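Written below as structure tokens is the structure these notes are about.
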Amino acid sequence: MVRAQVITCSDAASRGERQDRSGPAVREVLERAGYEVDGVMVVADEVDAIATAIEEATGGGARLVITTGGTGIAPRDVTPEATLRVCDRVIPGFGELMRARSLEKTQMAPLSRAQAASRGAALIVNLPGSVTGAVENLASILHLLPHALELLSGTRIERHP
Amino acid sequence: MVRAQVITCSDAASRGERQDRSGPAVREVLERAGYEVDGVMVVADEVDAIATAIEEATGGGARLVITTGGTGIAPRDVTPEATLRVCDRVIPGFGELMRARSLEKTQMAPLSRAQAASRGAALIVNLPGSVTGAVENLASILHLLPHALELLSGTRIERHP
Amino acid sequence: MVRAQVITCSDAASRGERQDRSGPAVREVLERAGYEVDGVMVVADEVDAIATAIEEATGGGARLVITTGGTGIAPRDVTPEATLRVCDRVIPGFGELMRARSLEKTQMAPLSRAQAASRGAALIVNLPGSVTGAVENLASILHLLPHALELLSGTRIERHP
């Protein structure tokens, strides 16, 4: 089984002022899809805190790291920036697909900066912070994860050209 | 009312060799949508000139800056580069949405590099230089502006997670 | 006639372990579309090798450089990185359009990082490595090439604003 880590990025949840509902919702979807979820970390909307959480997750063996929250354009929305700081390559198709699918449900979809990037053999995917947004965005890219993780691992025999 | 500034990027218009029709057309759309437009500046297709115009607009209090022109791929098309120089964050969904909507009308839509980015609490949106292109692209993202400006201002109460 | 160069990026093909089928397939499409194809180079999946091949192609007079292979997310997929190293500007609409059209045929389309960028007056387009993927992606952007090359050359009379 592939190990995964969920990171909830939220000032209010990290201070205990609000219950984190998105993290557990994402965890449930991942477990139903067959991933072994190490846990749900809750961190403040700070670049350093989020970047460190991603590093610890992948350093601890997680191949898949899913963040929720901090993907909008408010001043405290810094999850994409934190992700880029510790990742090698952006995979633009994830963000495009999440926004395109989300646009079928909400006109505000283009305001999400959610994206995916790779860190070595690990895949990092940013999801919005609302429970609905997180679960719907995850559903739109869930089918890509097995092949993406296989490719990132480099174990696949080259079938090209 | 939210204050806005229009910047027309065009060598020919800045030299007075051509009348700027796109800037006034954009202004009219913005005023009908309830924005208070400070004015239409006309600058040459130069990174420095465009970047300075954006800085002056936001420094003068404009929350919304709409450029028109210089979004293509000709050597003198430098508006996206000038925008990035003075902005903090690209918001990729704007460019994706403008190109997707524009593609329904013209096959050449993918050649536009129009995008949006934030500079502090201000939103900068690049539009193509033709009157039709500018007005149509603006129409496709106009509904996003009130919520985007609200989020950028940071005054919104966090509803997450 | 516009001169073009095809570059196949593939470890296996560069070592002679596999026949390059994508490069010749791309060449055939280009020649049918009226381009004068200088040749098909085959290079390893190395940033330096690919970047040098692009430099040599444009230095030798090619206005259009089409790469095939190395656009995925496996560790050896480095063609987009090599392309960016020697290019001035990304043209995001090409990657968006190729992925959108490809998504109509394969669910895995978002894993392609294929894109286009300009190097002076030359246009560089990355295509996937499979014959089918390369030919289908090329077909989806072929109609953009004449106007893109015309704009990049800077010879077009400004019709703006």
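Chains here go by letter, A, B and C, matching the order in which they are written, and residues are numbered from 1 within each.
To be clear about the criterion, a residue touches a chain if its C-beta (ideal position, glycine included) is under 8 Å from a C-beta of that chain, and two chains touch if they have at least 3 such contacts.
Everything numeric in this text was worked out from a predicted model, so none of it was measured.
Chemist: Overlay chain B and chain C by their C-alpha atoms and let me know the rotation angle in degrees, rounded to the nearest 5.
Modeler: 120
Chemist: What's the call on chain A versus chain C, same or different interface residues, using the half cut on shared numbers?
Modeler: Under half of the interface numbering overlaps between copies: different.
Chemist: Can you check how far apart chain A and chain C are, centre to centre, with Cα atoms defining each centre and the answer in Å?
Modeler: 30
Chemist: If a residue has to touch 2 or more other chains to count, which residues of chain B qualify?
Modeler: Answer for chain B, listing residues that touch two or more other chains: 96, 100.
Chemist: Contact residues on chain C for chain A in the complex?
Modeler: So the residues of chain C in touch with chain A come to 8, 10-13, 18, 20-23, 68-69, 72-77, 81, 95-96, 99-100, 103, 107-113, 115, 129-131.
Chemist: Show which residues of chain C lie in contact with chain B when the two form their complex.
Modeler: These residues of chain C touch chain B: 89, 91-94, 96-97, 100, 118, 121, 141, 143-144, 147-148, 151-152, 154, 156, 158-161.
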